[in-house]
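Two complexes come next, and they have one chain in common, chain A, joined by chain B in the first and chain C in the second.
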Partner chain A sequence: MNLLDLFPIQALGSLEYLNLLPLFTLSFGAIGSILVGTHKEKGHTWAFSLSLLSVLIAFFQVKGALFSSDVSILQETLIFSPFTKTLSLMILVFSSVALIVTRGQDKKEGLLSEVYGLILFATTGMILMLSTQHLVFMFIALEIMSLAIYVLVAMRRTSSYSAEAGLKYFILGGLASAFFLYGSSLIFGATGSFELGAISNFLSAHPNPSFIYFVGLGLVLTAMLFKVGAVPFHGWVPDVYQGAATNITGFMGASVKFTAFMALAKISQNLVFVDGVNNLQWFKSYIWVVAAASMIYGNFVAISQNEIKRMLSFSTIAHTGYLLLGLYAMNIGDHSSRDMIVYLFFYALSNLGAFAVISQFEEKNQKDLTLDQLAGIGMKHPFLGGLFTLFLLSMAGIPLTSGFIGKYGLFSSAVNAGEVPLVILAVLTSVVSVFYYLRVIIFMFMKEPTGEAVTYQGLKGAGFAAIISAAATLQFGLFPKAVLSFVKMISK
Partner chain B sequence: MTNDVLIQVLAAFLFTIGMLVVLLRRDTIMVLMGIELLLNAANISLVAFSKSGGMIDGQLQVFFVITVAAAESAIGLSILVNLYRNFGSIQTQSATTLKG
Partner chain C sequence: METSCLLSWIIFTPLIFGVIIAFLPKSLEQIFRKIALVQTLVNALIATYLYVNFDGSSGAAQFTEVVSWLPDWGINYSVAIDGISLPLVMLTAFVAPVAILGTWPDLKHVELKKEKFFVFCLMALQSGMYGTFLATDLFLFYFFWEVVLIPMFFMIGIWGGKDRIYATTKFFLYTMVGSLLMLVAIFWMIKTGQEVSGFATADFSNLSKLQFSFDGSSLSSALSSPQTLLFFAFALAFVIKVPMVPFHTWLPDAHVQAPTVGSVFLAAVLLKMGTYGLMRIAIPMFPEASHYFSTLFIALGVIGIIYGAFCALAQTDFKKLVAYSSVSHMGYIMIGLFSFQKIAIAGSLYQMINHGISAGGLFLVVGFLYERLHTRNLEEFGGLAKVVPLMSIGFMIMTLSSVALPGSNGFVGEFPILLGAFQVHPVYVLFAGTGVILGAVYALKAYQMVMLGPKTRTDLDHLHDLNVKEIIAMCVLTIFVFGIGFFPKSFFGKSDATLENYGNTLIQKVSSK
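Here is the complex of A and B:
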């Protein structure tokens, strides 16, 4: 067999290059910012400027090519359509906010200047993951993203918490990646393809796939549920959120969750929610149980937490549960994954802002802020306290913030999909969640400061990023129509 | 059993061993080796499936997976060094400060 016959070398046209250009910009920007970061005094400043510049250039490159005709490279391994490009734009927004939060935080926590390059590498992996339909390519993109994130988590080198979190995330993440790879190998063996669309067509034609298909599907789903941090695969979430530097936690909570969820949506849409295939209802109930368990566990454990980052990590597990509802809504009518996208986008922005505010009050190598330390902060720093209140209200889903719009869209489309019991559970548990979000606000504004007070670190980057996120949270909460109709248009 | 099935059984066996090593061993070096074993078991299975199906896709993907595995073990070892600096040990039970 001749390799060239099997895989003819395609000359890439200008349209293909136009769509690949942002990826080149990001990767070369990452390498460049690692190189200029070696300068002794100006290293951090240069690395920051170069990486922010490349993210912005990549943003405008994607935006410029947004509505060019669809491109598929290497027999649909990489697909660039308005849909995938919009997701890439969102990722680039999160990355630029994360870069701005890191500015200032890097000196305080003793992070090396490579942190900027690594954020860019992770962003590249995320964009690849959002643009692919090929299982093994998805694995490679997942690893490009995760390997950078493992290092970012372990980057507070003098903090033992960070080393521990890095180790835990690495071991469990490596296990999940191996699950994903072996699972896709088994799916390949059963269906003869790695392409999600081709597998979906195969399943429609053969309603009784062989046993190994189900084993492979179970492994792949488990790996993706691990990456999004759903119960019972949530063990790493609280530890990693606490151990990582706060700016990295915000970045992870926003971008990694967004990417992993969109990949999970793609996989479950093509491999699980296929009509007429026997035995797939087991996997649907698997997702159902995981969603219900995540909502209940995340919300009830968050109540008993006294540390703010740990509390937010349990609340993110609960949000994972709500988002799994979106998988059911995806296959009804013309809904596709648009409610999940809107919810994730809004949630990620308030998440980034909340962690930016937390990083303003943390000492170097501090494990976490306790609620007692937060007491009275709202009176002392009314502006930051107000911003933090806004982010918490948005996560709780209070009207006039973007979180409400996301939650409303998600729940109502899940009702349309007939998942009424799960939606009732989601509404009830989100009432529980209001309790612990409001408790933080009460501590900030209505309690007298006790004992050890926290010092305001005065980081310019984090303050600026918090203002951006707050503006977005309010803007999309009050006037959501533009985003909603845009996402509706591209996800057709 | 035919050879195709035997190779798949071998891959599944190696995957199980790797998973047990990752979950049960306390020494982080052994855990790293377990992760490598998991990826290699998946590689064997990929090659065998593409051989029996008469497709070359799977065999080609293995090259990429090997590259990823190398990068992963490099990062794992550096995280290990960092762990040793902070805790003075590379046993997993030494790193248990985050709880709650």
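Here is the complex of A and C:
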């Protein structure tokens, strides 16, 4: 008996190491930045520099290996293809922007220097989650990501809401994780595999899976819908968005949503949208109903919010609805998630930018930025006001911005898939969303400043992050050809 | 096909100037209006060059320019001009300098408010309008159509009157409802095009070849036909913009609250985007559906004419009166377009231009008065003709143009519409004809209340008459009023071939069913 029989794992070759290298960089960078962060005076600066450096190195490592041949590690548990690596690149872009935003916020919000290391840990978890095809490994990646995020949310020591938000998110997230794990085990029991591709093949061969498969699938889908914040599993979203430090909220809205949606797409592709299997149409209708409910609920509730972060948290529920429409359309179309990727990428950049601007306007020990405080700010600080306007227009899907291109792609593919009623619902609720996005612009540019207007203390890290995001929003709004073609190429 | 980038210059010249303005320091804000005037004059020059070089004997699209933009979705940046878009582009090019000259701020009395942003909005607005009229790609058309909203939203919202926020929100949301449903219809058309021809395309000429099934055997089958659904999705977006009763309620609010220059652009050009869309997309691409439901639109057009006229009659706010007169006059264009008669369709195109001139002129007059007296209440004027004779002459000319006096441009538009439509819908035209009389009643009433009669205020004696810039603005409009009124052929002659083709194709499509 040799060693390979005891531990049936092949030794890793150089190509495998090349693809795993960014993950090593991120993990060691995270540990390193937590260690250097303990320095009393320069801790924050060093931790920030080291973590940003690690993300940039990881970015170029992934980019360098982007078109190397596909690598599959641990019997298809981890797959590194141009597709997964492109998604990783996008995550790394979001993380670097989030790090820069955090730089201006750390002291103000009383964030410890560990915030940088935790963002890196979360990023590692996200990359693992985007690269795996294995349900249990997906669970582990989900936990790596979520645990870091729970801490990040609870870390804002200047606000008591933060601890509440962290605890709420932790308890509910733990429940969702339990759903995911239990569901995976039931699916394993019904199909004999944890590997998504194998399960899909099993279903194609057995059009009548046993009942426990459907129970498991329901649990897994519910867990993922919780993570993306879809109605009726959205309860945590407003509180967590509001309680977390603004830079963390932006990071969550961009990266966590991106990752969770890509995982949901992967699961749906293999477990739900399998042709010829009986009873799966119930789960398709499930997604349809959740999509419609998210659009309606998110948009209508956002109208009545006076606090910007809370309003954006409801609007993110609405965006979840649009994305679920894209997911549903995947079922009928060519099973490609490219329109969702483009939408998520553009939305994430606008989202990061918007929260970066908000964090520039926020003051220390403040509960939340309200619309009244924004009154007249666009006239006083036209540059930041203009940037915020751009991000809001992008989220509303008005031409000239990348949000329009994302929406156009998503909705047009849904129409191509024949799902016209849901698209009409989506555009009509979009009109509602235009109303509350405009309301912010109206307050910024068309109202006189009230007594409690915010004071603004010069451009900080967040300002630079906002400029980067704005440039991307405008660039991809006018000339999105490169992104569209690239995503189309890698998702073949 | 010959390629030219002249049209791109027309579209992007305002935007280039706008970007330059954005980088100029605030200390130069005194000259921003002058730069804006230079820009509009440059555009007018390019447009004149375009007009001279436009080949009126050909009905085909000219000065075509196609640049690949989003090849994966079959979308190109493609612009071209034909006899339908030519007059609208010329209208925009000439109304813009007139509007800026006629609303020149008197720095002795008013303080500039965010002048840089204002001028930038003016320029962005022009780019959007030119783009909408010149695009020959459905996606590009939609793109510009939406872009126009943003500067207008800011213009009403920042520089508007007391209820500006309500008005601008209403304006934006109304337009959005229509245009987002239009977007769904655009998706559907592109999808159908892809299924038929195998490649994605959003080009007008390719899409207009598509046949969408239509079953006119009964009302319910007609309503459920794909062509009808598409037609209504487009038509809703366009009639909101026109605006046609009952979708007109945003217009009086937007007009009354908007700054004068915004009102002029809104009335003269923005409303025409709606009728242009009907003429360019909704009617020719869905001919059977639009023919089937034409009576509905004509009826609503007639209701608009009469209802708008009565509303105008009841106003004491001068600006609101002109706004309702727009609702009334745009009704004629609806009748002309949906009568499916060649002469009426041509009349509709003329009326688009003529209404642009007369409504733009009337809004300028309202602006003159408001700037001097800070009121728009008709009852607070009176007896001004002796104090400000030049203004009263200008006002009279615009009023006559508005009531379609023979010899003025209004007659050239309305007469062919009524003549053509009478052949198919005599009863409706009879009612529409009463609108002409009502139009004379409210327009002359307004003139009488402002210029004639006893003076109601003592401070009216010190009113100063039009200054040079305002005189120039009114003179340009006057030239067009009588020029078109007496020699319509020399202004609209270059559109004949296009209109002939357009009418023939349309009538052939409709009658072959």
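Keep this in mind: the second predicted complex is superposed on the first by the 477 of 492 C-alpha atoms of A that agree within 3 Å, B and C clash if a C-alpha of one lies under 4 Å from a C-alpha of the other, contacts with A are read in each partner's own complex, and residues count from 1 in each chain.
We take it that contacts are C-beta pairs under 8 Å (C-beta built on N, C-alpha and C of every residue); 3 or more make two chains touch, one makes a residue touch a chain.
Nothing here was measured: the structure is a model prediction, and the numbers come from that model.
Once the shared chain is lined up, is A:Leu484 touching chain B (first), chain C (second), both, or neither of them?
second
Touching A:Val151, do we find chain B (first), chain C (second), both, or neither?
Once the two structures are laid over each other on A, A:Val151 reaches chain B alone.
Which partner does A:Trp236 contact after superposing on A: first (chain B), second (chain C), both, neither?
In the superposed model, A:Trp236 contacts neither chain B nor chain C.
For A:Tyr436, decide between first (touching chain B), second (touching chain C), both and neither.
Touch partners of A:Tyr436: none, neither chain B nor chain C.
Examine A:Gly166 and indicate which partner it touches, taking first as chain B and second as chain C; both and neither are also allowed.
It touches chain B, and chain C stays clear.
Thinking of the overlay built on chain A, is A:Phe273 touched by chain B (first), by chain C (second), by both, or by neither?
In the superposition, A:Phe273 touches no partner, neither chain B nor chain C.
Regarding the shared-chain residue A:Met446, is it in contact with chain B (first), chain C (second), both, or neither?
second
According to the stated criteria, A:Tyr116 is in contact with first (chain B), second (chain C), both, or neither; which is it?
In the superposition, A:Tyr116 touches no partner, neither chain B nor chain C.
State whether A:Val136 touches chain B only (first), chain C only (second), both chains, or neither.
Only chain B is touched by A:Val136; chain C is not.
Would you tell me the residues on chain A in contact with chain B in one complex that are also in contact with chain C in the other?
Chain A residues touching both partners: none found.
Help me check something: in the complex, which residues belonging to chain A touch chain B?
Its residues touching chain B are 1, 3, 6-7, 136, 139-140, 143, 147, 150-151, 154, 157-161, 163-168, 170-171, 174-175, 177-178, 181-182, 185-186, 188-189, 192, 194, 238-239, 242-243, 305, 307, 310, 367.
Flag every residue of chain B that touches chain A in the complex, lowest number first.
Interface residues on the chain B side: 8, 11, 15, 18-19, 22, 28, 31, 35, 38-39, 41-42, 45-46, 49-50, 52-53, 55-58, 60-61, 64-65, 68, 71-72, 75-76, 78-80, 82-83, 85-87, 92, 95-98, 100.
Name, in rising order, each residue of chain A that touches chain C in their complex.
Spelled out, the residues of chain A in touch with chain C are 379, 382, 393, 398-400, 404, 408-409, 411-412, 415-416, 420, 423-424, 427-428, 430-431, 434-435, 438-439, 442, 445-447, 480-481, 484-485, 488.
Would you tell me which residues of chain C are touching chain A in their complex?
69-73, 114, 117, 139, 142-143, 146-147, 149-150, 153-154, 157-158, 164-165, 168-169, 172-173, 176-177, 180-181, 183-184, 187-188, 190-191, 194
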